[in-house]
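Heads up, the next two complexes both have chain A, just with different partners, chain B and then chain C.
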Partner chain A sequence: MLVQGNQAVFLGAVKAGATFFAGYPISPSSEILVLAAEHAARNSVFKLIQSEDEIGAVNAIMGASLAGAKSFTATSGPGFSLMQEAVGYGHQVEIPTVIVDVQRVGPATGMPTMPAQQDLLQAMHGSSGDYYPLVFYPNSVEECYRYTILAFNAAEESLSPVILLSDAFLGHLIETVDLEAIPVLYPPGIVWHEHNLDLDLVVPGGMAPLEIVSRQRPPLGTGQRAFTGLTHDWRGQQRTADAGVYREWLAGVKKRHQEIAGNYRFYEYIDHPTSDTLLIAFGIVSRVVRPLASRFAIFRPISMAPLLADELREYGRRFKNVVVVEANDGQYAQLVEWALRREVRRVPLLGGRMNIPLIEAELGRMGIGEGLSV
Partner chain B sequence: MNNIIISGEGGQGVRLISHTLATLLANLGYEVSLLYDYDSAVRGAMSVAYLTFDVQPIANPVPDKADLLLRLSPKGLGFQARRTVCESGLCTEEEIPFSKYGVEKFGKEIFGNMIAMGRLLRLIGIKVSRKELTRVLPLQYSEENVSAVQFGYSLKEGELGAGVLSRQRYDTDSEDLPSQVEPEPVPPQ
Partner chain C sequence: MFKDLLRLELFPTMWCPGCGIGTLMSQVTMVMDELGLDHTNSAVISGIGCTGRMAGYMNLDSVYTLHGRTLPVAEAVKMVQPDLKVIVISGDGDLTSIGGNHLLHTARRNANLTVLCNTNEVYGLTGGHAGPTTPKGAKTISTPEGAAYEPLNLQNLLKGGSTYFYARTTVYHQFHLRRCVKEALAWPGFSFVDITSQCIENYGRRLGFKTGYEMLAWFREKYKMAPDGAESLGPFELGIVRKGQTETKDA
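What follows is the complex of A and B.
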């Protein structure tokens, strides 16, 4: 079966139990909105809002989540920027939802169909205040499906907006994949809407099933509830000058996120017994880099935030050279430098172009890997 | 040939050719990746498709060079390829006047893209039945499209040359496209 990356994201969201989507069209994410509209037309339990802009979209999914629905939106860099205020609101009010950012070259409207990884730091620190987002970045169509489901799970467990990063190439990549062969288990006692009735999946040996995490929050209307972006106590009452309440709240949220994040530490490491160089790449760039595994070790973070600092230290210390190859001007590289407390080399792939000769040329300028061929 | 790059401009059918080929290859049991690389302008801007197929999972879906390159337009990036097939005037290797044939044989220039697809099918050695082609091509102009693919598939190898030679009128042999050959299964992995 041929499936597109954006399509796999949508199918993963439905599989995870999403029943609400709000969005505003923007390349290269628009296929997700189109699929949501088609799905809503066929399934009365699935609701859609094509909003007036991305601010409306992100606030709609926050409201839908508070009302009991698993919700999500999809956008690209410029729209993601508009959503940042609501991301902070979602962390303050503790709203589980999923935001998909199919990245393109920026800043601003930039290059609408060209792939980039330039929203990485925005995904981690785009809103105001202290908060602890979970961010995932798959690298294949199959992983788009898998990590969308996991993003919904992480949102439910962490009670926060979870970011799923993609990019123009990954979102538009079409690959043969058998999504039905990926085992997905639903929790017992959950009544699913008719479009989610898919409970008789065979679990292939050796493949860990994805267990859907059910809704954690009670839906709106089961009691008196108040929601505010102002600092508040557990009843939702404003406590805007009470440092103690704020500290207690932030410590609790931080602790919960750290615990939950511990269950979502995903990465791939490909060893090379004789190389003195570790390449670090993620998302679509990690696919481009993959043929270089014959010459170098490769580390691929899938969980982008919180930073996989322990894993980076564990693998990074083994190598003389650590090189971060990414489609931005060194956003992840600076985080790796912080984690390793040492200089790392950078191969920025800019303007939407990425291929082995570009990477080899940069490595060659650094004197890395000379005389070796793929 | 496992890496195919199709280079053209918006409106020429780069997506239709590549997605149809990808579907045919996937139906034969191959692992397939297809990536579109295009400018945001809808018509007339660069449009490139990277199509990779293999019996193994595909590591890199963004190849920097192709086993086979089809160039339909002067737009697009410079690609390295072991073999290049192009619209007349665009390369010094195998030139075929796809657009001209589209007009002469099927009444519209646009059918040149289906003739080009037929040529690609021949070069990558994929046999496909008219029935299967009909199933994967758009319903509109289905008969003309299938016939155009058949025409492209049937261009005689010995008469295809570079430059001036390739501009000669080709004879075709419709028997070269098997009408009811079943797809060959991929060997078990």
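What follows is the complex of A and C.
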């Protein structure tokens, strides 16, 4: 069937067991709100708030999660900025929920219908304080479905708001995909060395379905617990001037997130026997650079945070040139440089424009890949 | 016993001597006890500020939300758990200033919540800054020349809809306070109780009051009951105004 990226996100959320959506209309994510409204109209179990603003929406999904529902919201860059305070709140209070950011060109109102990948660092570090978010970024309609389900699982396991990145192209991309044929869940830790080379979205074989992770914490109204955004001890008692309590809590959360993240390290690597250049691209840009696999090796992170530093080092060290192609001004490239401890080349695709000639021209300017043809 | 609703092991509370919030907490828990509301059927959602800390002293599931965000959290909780009595307790700064937009729209959607607003006319926790409910001319640390603007008229704001419940009371008028809270809890829709209370340390002293008691005595003198059946409360009039009912979305 023909499915749109945003639609696949919504269907994935429902498949994962989501029963609550709150959102505020914003291009290019609005389809998800519309689908949620239609779904709520037909299913009394599914609750919806069209909030007065994104701040209301994100706090509503926090409340719904505490009340026992799997909840999510969808927005774009400016709305995501408004939600940032609550992202930190979700990490402090340890609330599982999912926030979908369908990125557009910013900053500010920017170019509302044009795709970008400029919220990458915002997704990792947008709120105040130290926290350890899990961030995924699929690159196809089918993956939008899969990774939404995985995002919900990761949220339940890590007890935190998990960010699913998309973009205006991916969100509005319509592809032929049989979602019914997809194993409900995707096993963690899988690596595709030879991913489907065509765009017909064949599901790689041999995947055992994974159980959906269900809610562990009893809902509000069943206990005598104090959920607080203040630093607190294990009883929920506020401890706002005790460095020991804070350090112990943060160390525990960090350890838990690192362990959980270890089960959610997703990426794709396409080898090239003779090339001396590795292209790194993710999200919709990885689809655009895909034809260049005949000339270069390609590494595609799907788990954007925590950073796949080991994998980047493992593949990066094999190549003379490492080029990060991304629809922002080097946000991921600077992280790759940190991971590899060496300079990497950047091809920023800005203003929502991304195509092969543009990328080839940039590579040519760097003297990379000359004399080869697609 | 209403004391069962309190975490007495955490006492003394963080509130200053002479503060009105302790009175509010004891009165609210007495009403809850009378109505059989406890951790098995109720949840308290509070915001940032002195009043917000009340949630942590109550012996039931509570959520201390981000500043101003009580209402979105509470509305979602009520939608997911319609059988739960969801009580929002927060200060006037939290509910009407930073949370003002949520107040407007949660009231418009007539979410089935009871909002208990501790109106002390000041940001007490941060040291006594003026807020949207500070009367014109009142001196605070952020309005050394006196507050420049008229305060927000909460009654008129909340009476904008086709159905509403607005009660005004004070922590001095304890019988009336309990009646207002009880009726608000029974109202099958969005109910708002505007509870004037005293902040002596960070507000009253700068206005010339010497003790919390002096502020309470001033409430006794200044505030009068509205006539029965009043459709609108005049300045310094206590009472309940309500209209409509009742079609709530989660009923």
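Simple rule for what comes next: the second predicted complex is superposed on the first by the 352 of 374 C-alpha atoms of A that agree within 3 Å, B and C clash if a C-alpha of one lies under 4 Å from a C-alpha of the other, contacts with A are read in each partner's own complex, and residues count from 1 in each chain.
The working rule: a residue touches a chain if its C-beta (ideal position, glycine included) is under 8 Å from a C-beta of that chain, and two chains touch if they have at least 3 such contacts.
Computed from a predicted model, the values in this text were never measured in an experiment.
Contacts of A:74 after superposition: neither chain B nor chain C is touched. When the two complexes are overlaid on their common chain A, residue A:64 makes contact with chain C while staying clear of chain B.
Set against each other, chain B and chain C touch different numbers of residues in chain A, with C touching more. In the superposed pair of complexes, A:86 makes contact with chain C only, with no contact to chain B. Using the contact criterion defined above for the overlaid structures, shared-chain residue A:290 touches chain B, although it does not reach chain C. Judged by the touch definition given at the top, the superposed model places A:355 against chain B, while chain C stays out of reach. In the overlay built on the shared chain, the residue A:56 is in contact with chain C alone; chain B does not reach it. Within the superposed three-chain model, A:226 lies in touch with chain C and out of touch with chain B [touch as defined at top]. When the shared chain is aligned, chain B comes close enough to touch A:175, but chain C does not. Chain contact summary for the complex, chain A toward chain C: residues 19-20, 22, 47, 49, 51-53, 55-57, 59-64, 66-69, 71, 85-86, 89, 93, 219-230, 236-238.
Of all residues in chain B, those touching chain A in their complex are 19, 22-23, 26, 30-40, 58-64.
Against chain B, in their complex, chain A makes its touches with residues 1-2, 27, 111-113, 169, 172-176, 284, 287-288, 290-291, 354-357. Taken together, the chain C residues at the contact with chain A in this complex read 10, 39-43, 45, 53, 55-56, 59-66, 69, 71-77, 79-81, 84, 101-102, 104-105, 109.
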